[in-house]
Amino acid sequence: MNRALTIAGAELRLMLRSRLALVGIATLLLLSAIAAVTSATQMAAAAEMRAEAQAATDAQFKAQPDRHPHRMVHYGTYALRPVGPLAAFDPGVDAFTGTLLFLEGHRQNSATFGAARESSDLVRFGQLTPAFVLQTLAPLLLVFLGFASIARERERGSLRALAAYGAGAWSILVGKALALGVAAALAMAPAFAALGWAAVQQPGEAGIAALTALSYGGYLLVWVLVITAVSALAASAQGALVTLIAAWAIVVVLVPRAAAAWVGVAEPLPSRVDTEFAIAADLRRIGDSHNPNDPHFAAFKAKLLKRYGVTRVEDLPFNYRGVLAQEGERLTSQLFKDYAARAAAIQNAQTETLTTLGIISPALAVRRASMTGAATDLGTHLAFLAAAEAYRYAMVQKLNGLQASAVASADDAARSKDPIADRRTRISADFWKTIPDFDFSAPSPGERAGAMAMPLAVLALWVALAIGLFAFARRRLERAGL
Amino acid sequence: MSNLAREFGFMLRSRSALMALALLAICASAAVALGLASVARDRAAIDRMIAGQATEERALAAFVKDAGSGAYYGFQPTWDAPSDLAFAALGSRDIAPAMLRVRALALEAQIYENEAANPELALPGRFDLAFVVIYLAPLVLIALLHDLWSGEREAGRYHALAAMPGANRRLWSARVLVRLGGVLAALLLPFAVGALIAGTAPLRALGFAGLIGLVALLWTAIILIVARRGSRSAVHAASLAAIWFALTLVAPAGANLAINAAVPVPDGAALARENREYVHAGWDRPRDQTMRDFLKLYPQLAPGAAIPPTFHWKWYFAFQHLGDRHVAQQSQAYRDGIARRAELARAAGWLLPPAGLAQAMTALARTDIAAQLDYQMRIRAYHQRLREFFYDYLFSEKPFGPDDLADVPRFDPAIDS
Amino acid sequence: MSNPVLVIDQLVVERGGRRIVDGLSLTLAGGEIYALLGGNGAGKSTTLFAILGFLARSGGGLTIGGQDPATAIEAVRAQIAYLPENVALYDHLTARENVDYLLKIADCRRSRAEIEAAFLSVGLAAPAWEQRAGSFSKGMRQKTAIALAMLRDTPLLLLDEPTSGLDPAASADFHALLETLAARGVAVLMVTHDLLGAADTADRIGLISGGRIASEWSAQTSEPRFDLNALHDGFARVR
């Protein structure tokens, strides 16, 4: 172990004395510092903007004047997806989804206004965030720093000299890997500091931050071990470099994109219009409130009349229109929920496939773990959509309930022809204040930790594979007499 | 010619060179195939929408009573069909919708809708031929050419080779040409097949092929300048990979950050809220004022503008449109902000050739942000035609029934611009 | 004479199925300088690698200080100082740092004063100690490496083509250093092309051919130490 430390010390000294290595480390330090700071300010600004917008929309809803409740159903409200707790570290899909959802009766809208659609085409080249730095840039820097560590010594003959002085294959490999690990830790410090800072500000997230750091640690460990092993196995430093750059390009750049493209084609998601048409067709089949002879609504009416022992809806003890609206909303919302669940199932399956493909590329696995931890993944977005839909349904049904109980049936019937009756259908603005505000909190740290288990397991598999390669390199060196 | 043939044979004997070229050709072919599949899926979705519209209109015909209900319930499809080159550069078609059904209500509440898509698939970026050309081809060129001279020097052959008469022409030029040719073939053959299948217009296909050639030439030049320096092969490879990394990964991401910081885009949520506020306040605003404001925009409708004290669709659609007008400036500023960002990104492309060439590819394929903004403008133009069609019925009190649904103007990608 | 430091008995080493060393025998005592001469591919370096344990032997006997590299590689290496042809120093480290580093690897503790004394005794002047090895001539690199070998105080010194690339003056300096080491009781085995240099310094010269010692000469007590004509003839024959 002492020899390994000595070798690591000399390798670090080499890095310190090599201008190229210093420039590389300094560049990455700078990039990850810039990424940490800009990402933190951007996400803080986004969080503030969304919180303010949510407060403003809630206040506007409560400030509406006396109205017919159905007008409030159409006035609706907005739900804004809050910024994930660790979004400053890994914004994940935040930019690629809409963040604003308009909630109104009868309709289920899509989330609008995402940062990616507001950016130039350059956004597709990647976003400079701490996560991007760690996932994409850091491994390549490690390749540059480490490709020659052992190959160089072999080319210059000093590898045999080291062996002649008694250093074994194991201490050489461990020493070189150790030095590379120290360089990695140093260059990544700002990114990890960003993570630590987030954990300090939100103590509840400390466990998740630790798991996230663990997954990145594992990911970079895989790179450190593989780079050192390849440097030991390659015939020349040049060969090691070309092999490692190819491996990096395939694992970090090629596979994530190709996998996403393939998954998108292999497991297609119905378009928004497909879903709208399907829902409309289902509604026409199960109950069309526009059709006076619709069997479902005819039966619904007959059942109500029978239960209250009356023959006309005007004689019901409540405003039939409100109850009818509730029944209509119940039918459509059930369909919205069913179709959203179907779409979510497809998307979750797509994402699941990507996680499984992490077996080909640890970059996919670490990205999954990181986004899940940061609550900036698909799962959180779907949870937001589901929460917003549940809120929409509750709000609309409450307003429909107010129409049934607080608006007189006769006034409601006459309001489009009689301005006086119309005025009487306006109920007190105080009712709007009884509707609770929309509130969404990301999946709990416990749930997220659970969801991180699978990608962490894939990363553990990769660490095991890397250790295997490392051990293989050791055997090869030993067989060469070291 | 014999020099080229000899160097070609030489390259065929290098297993690593063949592997790199094979990988590139496989990636290019896969990218073309997935691109064609993606475009076919887009087309099929648009076809389904247009076919499904007939069903929707039959259903609407069953209960439409007047022009107002026809306009209120009558969603009309608009679409942005992929171009014949989209398969090669899919651009941002995955994050911006290619289909939108609109109706004559306030457009600002409709136009920002998003397509249903898994954001995790959009996150890593597209896998298309443009990606293979911009990201992977330079790496393959670097692998093939970085040790052109240093490799021979390290093998101790350099001086012997360089001393031969005409070494420049016979050896180095031939070697560069053969390897560059291999890379171009790996990219252009799959592209040619894709273009034939997609029926790309010859000039456009040629333009795209020219961009591919430009990328390859640019990188060949960069590589040769670096490889000419007398360092070791490993140093050349590392320097070139670092240049690639800076130009292709870091600088565009940094430029995006800087551009977004320099050009603020108005808050979309505020825009949407403002539009809703104005539209819904229309219910409570004095009706005369609404009609007066509306007639300022449509004086020709004044003769039929009288409204009863109760609900009338004329009034309803008037305040819907006034809601759009109310935020027109904000909406324009929002579009301008995005357009300005795109413009700066194109300017940055002159400094960052990979980003510039990638943008040129998506521009040629009409899959860039500019194309998205253009589609939105076509939706706006169509929305105006749609609204005015119904205004005509509403303000002249012409009866409107199921039969008139057939006369509702249709979106036409060619004329709504 | 003391106990033999290196004993090679009918050594056989194969590489890629070919017998490179085939029945080589050689015994070397402390204080002796032995030059192994031979053409390219004769098996000189292979013999060195077998002694160092980089290559396993497929037959014969081989001990260093009584230890067999096949069974006690660490103990064997602890007894050997080895200078490859290009003197593997680290260019980015100074002479002192190189020595510090390699001594640590060899698990050998020496004081600052001892190191400086060794530098002085090989003729490396103080200003060079803190210079990076990257700026050294081959002669200075070798001096550094010899200083290191002295500090390690190993009984056996292995040299691979030590004088190739040295000018005559540096070559003479180097041979003088070897004699100093030998006088301290170190056994020196060098592999070389340099017939004249070997004749100047070596106590014995072995001519290797077909993987074994084809001829061997011992130095005379009076000048000329070797019959140069006989050496030349022998060398010419095996080529």
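Think of it as A, B and C in the order they're written, each chain with its own count starting at 1.
By our rule, contacts are C-beta pairs under 8 Å (C-beta built on N, C-alpha and C of every residue); 3 or more make two chains touch, one makes a residue touch a chain.
Remember, predicted model here, so these are calculated numbers, not experimental data.
The highest number of C-beta contact pairs joins the chains A-B. The chain with its C-alpha centre at the largest distance from the centre of chain A is C. Distance between chain centres (mean CA atoms), chain A to chain B: 23 Å. In whole angstrom, the spacing between the mean C-alpha positions of chain A and chain C is 64. Between the Cα centres of chain B and chain C there is a gap of 69 Å. Listed for chain A are no residues, as none touches two or more other chains. Residue ranges of chain C in contact with chain A, taken from their complex: 49, 52-56, 74, 77-78, 80-82, 84-86, 88-90, 92-93, 97, 101-102, 104-107. Residues 20, 24, 31, 34, 38, 49-50, 53, 56-57, 60, 65, 67, 71, 74-76, 78, 80, 92-93, 96-100, 102, 109-128, 132, 136-137, 140, 144, 147-148, 236-238, 240-242, 245-246, 249, 253-254, 256-265, 268-277, 280-281, 284, 290-291, 343, 346-347, 350-351, 354, 367, 371, 377-378, 381, 416-419, 422 of chain A touch chain B in their complex. Partner chain A is touched in their complex by these residues of chain B: 16, 20, 27, 30-31, 34, 37-38, 41, 45, 48-49, 52, 55-56, 59, 62-63, 77, 91-92, 94-97, 99, 101, 109, 112-128, 131, 135-136, 139, 142-143, 147, 151, 232-234, 237-238, 241-242, 245, 248-250, 252-257, 259-261, 265, 267-270, 272-273, 276-277, 280, 283-284, 309-311, 337-338, 341-342, 344-346, 348, 355, 358-359, 362, 368-369, 372. Listed in rising order, the residues of chain A touching chain C in the complex are 2-3, 6-7, 10, 13-14, 17-18, 153, 156-158, 160-167, 480-482.
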